[in-house]
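Both complexes below contain chain A, partnered by chain B and then by chain C.
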Partner chain A sequence: MSYLPSGVYHEYYRQDHAWWQTRFILAKMILLGLIIFYVIPFWSGLYIIGVATLIIYTAMGALGVQLLIGYCGQVTLGHAAFLAVGAYTSTLLILQLHVPYLLSVLIAGIVAGLWSVLFGLPSAKVKGFYLIMTSLAAQFVTVDFILTQYVSQIGGRGQAFSLPPGSISIGPIVLDDDVKVYFLGAILMVLLTMGVVNLLRSRVGRAWIAIRDNDIAAETMGINIVRYKLLAFFVGGFIGGIAGAYWVSTLAALSPEHFPWFWSLWLVGVILIGGVGSIHGVFFGSLFMVLILEGLKFAIMPLIPYYPELSMKFLFLKEAAFGLSICLFLIYEPNGLAYRWWQIKNYFNLWPFSY
Partner chain B sequence: MKRKLVVFLAVISVVLLGLGGAAWAQAKGEVRVGSLNDTTGATSDVGKDYALGIAEAVAYVNDTGGINGKRIKLFQYDYGYRIPEAITTYKRFRDFDKVVAVLGWGTGDTEALSPTITKDKIPYVSASYSAHLTDPKKTPYNLFFTSDYSSNARAAITAWFDHVWKKDPAYKERRDKGEKPRFQCFYMFASPYASAPIKAIKDQAAILGFEVGQDQDVSLTALDTKSQVLAAKSFMPDLVWHGNTTMSVATALKDAQALGLGAHHIVNNWGFDENLPRLAGAAAEGVMGAAVCAFFGVKTPLMPKIMEYAKKINPGVPAEKRLIRTVQAWGAVLILADAMRVADKAGELNGPGIVKALETFRNKELGLGSGLFNLTSTDHRPTSGVPIYRIEKGKFSLVEIVDLRKRWPEKWDKEWLGW
Partner chain C sequence: MRLFIQVIITGIMVGGIYALVALGWTLIYKCSGVLNLAMGELVLIGAYTCLSFYMWGFPFWLAVLITIVVGFIMGLLTERLFLDKLIGEPILTVIMVTVGLSFFFRGIVMFIWGTDTMVFTPSVFPAEPVNLWGIVIGQVYIWSFVAAMILLVLFVGFFKFTRWGLAMQATADQEKAAMSLGISARYVYATAWGIAFIAAGVGGALLGNINGLNISVGYLGLLVLPAVVLGGLNSVPGAIVGGLIIGVLQNLSGAYLDQFTPGGVKEIAPFVFMVIILLYKPYGLWGWERIERV
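Now for the complex of A and B:
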């Protein structure tokens, strides 16, 4: 085994599908783990941790969208609904039944997954634009109708729920500062990512990819497409539910306004920019979307005292920039940032004989 | 291929440089204040003017001596009413800009951040006047300068009851028969701002003896409310409460007129400004609403300054386009600045010090036409008097300043705190 993956030839499937194919990759992963679990939480300051937490939350939401759109080809524009279901399930379990937080996260995932299956049922009959319409219905039926009109009434607390301090805890550890919340997010994110990657290299993942590439061909090959589509909806919704339940711990507050339709669109934007059909893409997209907005703050805030109009006139550009960046990515980088990353990696892996 | 790669790496490095290298030295003798505003999102119809007002009021405070000689350094940012962005911006204020207080915006960000700011002990003077924030036992660091939404709602329905239902000859027959006036609410259920005072206004409706119909869900960004108006028509309300912001309220008023709903309208303060008669035209005639301070340009002790600074700092926005929101922004800045001066003199210019200073203010007049400011350590409702205005020929005329504490002293003191 060499240190660089170039020139590695596999003899068995087991090798081809291994997690760590060379020591070099293993070392890279250990480095990444060090950054995530040591450098960011202990060396970077609370602001960076806050931003990292938002990136994790965005990536968790986008991971479910990636699975549905990027791997199973089921376009969804209503994923925020499943985040909301997860968030509300977890909150209500904690507030009403005093269920431990971690258990509530798990139940939230399952409830959101089942809820997602309900809205995935039309995928047995319709696809493409018509499926997008039903996913839109998921957003509006769930968030604007069921959650606001009925679920928010439970307990008589009014629209905005807030969790009393100390109610979000894992065993003896109370999640009351940003570092602990970040750690929880990082651990959940790693587990979810490993789970999804594992699924994707299994029979289930191959079935999903077959359905994405051509559902009729997949069916002729003996794949029960309804079952696998619904399974994709379940897993996507499950991840969304976990993301929503995690969101509760970052704020200890919840209202339907946290899950607007815009957020569903945002998550699709994340994977379009990051790269459809790539787990890397989820992370690159989330990094891009969050860091661009934070970067804009750094660019603009020091200038405002000198050009006060920036705070009023320039900011419309921010909304436009979001749309424009998606358009530009679709035109010039249709495979997203993940593809670019892959190219960079290959350039170095194959250097100096990159032909 | 290679050139593309170079360009790509250059872009990435510029972004990273912007992130890392933009730290700037903290100057001595300045007080750092963050401001979260919505100038592009769902509430930007009222948020833009408020954001302008914040910058102007801070300039005024700095020109008149600042905080005992220290200048306020304002960090103002738009978050587009997206909660996740409000969170990271707040964390930036807290951990990077190191602000002592935050001027917040809507109920969405305020209630979402409430547990966090309580934990961090950072005063959060918001433009959300939700009564949920007035109980210092639960939310000691959530502050605002004027009457809360629930008081606005109670005052508006009371004013209509006293001035229209009891006096208008059109209702004489029904009054004599002992009929109850019929009342209904139009607001966005999903919006914590719009739904905050609903429980209170229904309670007040019960006290005054109204018959309450089913709520109608109207989006904050609604461009068509015909289905809601038609649904309301079957109930035939005499009075409709509009709990949204101006644009949505104007749409509902126009549709109500077009479809002949035949009801009177009362509006919460964020739906009641100079733009309402402009947008709704004749449909806004006779509409009553709560205004938490003077309208832009109306004579109050500080108004000449407000107009002067509006012209000076933002010359591009003509005076006739400015709104009451500017005055509200001044209220938030002035009350915070006054509290910071007191806290600074006591040598504790920090979160707890600022709140302690605010809680010493008794019957404070801000010069903005708002009620007298009172805050105690057990009650964070700044004022009990709510000015109710009516639109007559496109102009606002004061109907009454409804003082809820005077009318219902028992209930005000014991029952109504915190919702």
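Now for the complex of A and C:
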């Protein structure tokens, strides 16, 4: 049903370029929109909204990583640095200069993008493992040195910037409860996803994919690989910056500990589990990772009366489970959840005549 | 001037330990092409094993020996269970599996031993420092350096003169030719992981003697990366020299640059050096330059 009949029957370019080519897909999208913007915020509890907000934040960060790793082939293990730059830019603009929040989010994205380009510069010369090392340096230099030692001194607020309630508002609306924060996240997420998907079907996206598949071949075809790589770093950092600035709205205080190296690896783990090189993968990965962790919490809850130390050591178990699940996914399901989803969809599309 | 020499010597002493761990890293890369980001956790496992046995009343040398045995077995198991299935997979997959392994190991280490700093009690090496022509060095540093050097020499001798070591060298050089001569590549991979676990574990035990042992000792595993990048990824002498240089550079920047900043230079200086090296000499001192064709 979601497939077109064989052959191309388009009569106008508009039809050929349409996002949703059949009514069935359009209906699915409307259903998804209803769930995101109506069912979750108004028909579920605060707990589910909180989890959904976390999923949105994870997916936003992972979208930038997906663009860099999955579509342009530039492996980054330091994306949390760009999230942190975005978060700090936005917070400083709000606290020091009283810039409106939405404007500060936009500026945060641009600053984080430029910061990302700075650390993407070596990609002109090196790739693969060496580039990974550079992104590692980006993480430690940015978060553990510049932010912790210098930026945290601005304004004399101490190590953490506290955000008093009501300091984050969009026009007259003060972002003070979970539902509003969720709505902001959902809208940003939809806009970013649409932007990225559109980029990927354009000249820029095709150039990125060519670079990912073989950069030398891409260069011989006339693609300016340095420019496109840096553009990928900019867009990836931009998305990361917006994700970080968005996360500010959920926090009471911002400190460098919110952006550890763990979080960078977490984002890469999300796209690996979801599926590299697929926008679906970003969402499947974030859903899977966040829900598994919540599930693990529930599974451990009944054991706590018998083993009281479990609640303290839950963090360690979480790390170990995360590591093991990444290993097992990469060994036994290297294409990620998105591939499995595609297979399931295919099965039902052809059902009952699948072969 | 006194400070300068003091700093250099301390740097070399610590650098010896880095060199030992870097050797383990390079060995894995040379033999099996795996870029291992879990080195810090191998360090932690070895260090905590050694500390536990020492606390149970074993003498230190015996504890180190047990660490070596445990490390070797863990290395074989890790290779067999995780890395063996990934031969021929893309580089990102393999790297991320080692990242996953690092989380897995770290979670388990913290689950078992907790996050508090543990100290070797009673201390293994005498506490009073040695005065060499006016330069004061803690005995811990000297003995750690000596131990690291002994192990390094043993490893290099192993590669140069024993049948197993030669088999590993052959595999690293030309895998197909080595296999056609009857060398089992899978055994070589497993041995490489075992030796890496040994090197990292002993390095961790020595480092744990210097500053006490907590989870941040695993940071050593990341420090190794600048060292191997500086030396060239697939060069054993490069790893040793790189480890020493990074140790010296780190201590120098700690001593001389720290006063200009609010602090923390010592931790990030190696990474800044690494980026600079990557920009100007991406294949390091002795690494193989790779020529790519479409």
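We adopt the following convention: the second predicted complex is superposed on the first by the 322 of 355 C-alpha atoms of A that agree within 3 Å, B and C clash if a C-alpha of one lies under 4 Å from a C-alpha of the other, contacts with A are read in each partner's own complex, and residues count from 1 in each chain.
To be clear about the criterion, a residue touches a chain if its C-beta (ideal position, glycine included) is under 8 Å from a C-beta of that chain, and two chains touch if they have at least 3 such contacts.
Just so we're clear, the structure is a prediction, and the values are computed from it rather than from any experiment.
*Asks:* Please work out whether A:E319 is in contact with chain B alone, chain C alone, both, or neither, and reply first, second, both or neither.
*Replies:* A:E319 contacts both chain B and chain C.
*Asks:* Quick check for you: in the superposed arrangement, does A:A137 touch first (chain B), second (chain C), both or neither?
*Replies:* second
*Asks:* Output check: A:L118 vs chain B and chain C. Expected answer is one of first, second, both, neither. What do you get?
*Replies:* neither
*Asks:* Give one of first, second, both or neither to describe whether A:I107 is in contact with chain B, with chain C, with both, or with none.
*Replies:* So A:I107 meets neither chain B nor chain C here.
*Asks:* Scan A:V226 for contacts with chain B and chain C and give back first, second, both or neither.
*Replies:* neither
*Asks:* Between chain B (first) and chain C (second), which, if any, makes contact with A:Q149: first, second, both or neither?
*Replies:* both
*Asks:* A:G295 contacts which: chain B (first), chain C (second), both, neither?
*Replies:* In the superposed model, A:G295 contacts chain B only, not chain C.
*Asks:* Residues on chain A in contact with chain B in one complex and with chain C in the other?
*Replies:* Of chain A, residues 144, 148-149, 315-316, 318-319 contact chain B in one complex and chain C in the other.
*Asks:* Please give the residue numbers of chain A that touch chain B in the complex, ascending.
*Replies:* Residue positions touching the partner: 45-47, 50-51, 54, 57-58, 143-144, 147-149, 152, 158-160, 162-163, 165, 176, 178, 250-258, 260, 262-263, 290-295, 297-302, 304, 308-309, 311-312, 315-316, 318-319, 340, 343-344, 347.
*Asks:* Touching chain C in the complex: which residues of chain A?
*Replies:* Touch list, chain A to chain C: 69, 75, 77, 122, 125-126, 128-130, 132-134, 136-137, 140-141, 144-145, 148-150, 153, 214, 216-217, 220, 265, 268-269, 272, 276, 313, 315-327, 330-331, 334.
*Asks:* Any idea which chain B residues touch chain A in the complex?
*Replies:* Residues in contact with chain A: 5, 8, 15, 18-19, 22, 24, 37, 39-40, 48, 51-52, 55, 75-78, 80, 82-85, 87-89, 91-92, 94-96, 107-108, 111-116, 118-119, 132, 189-192, 195-196, 199, 217, 313-314, 316, 419.
*Asks:* Could you pull out which chain C residues touch chain A in their complex?
*Replies:* 35, 82, 85-86, 89, 91-93, 95-97, 99-108, 110-111, 222, 225-226, 229, 233, 261-265, 267-268, 271-272, 274-275, 278-279, 282, 292-294
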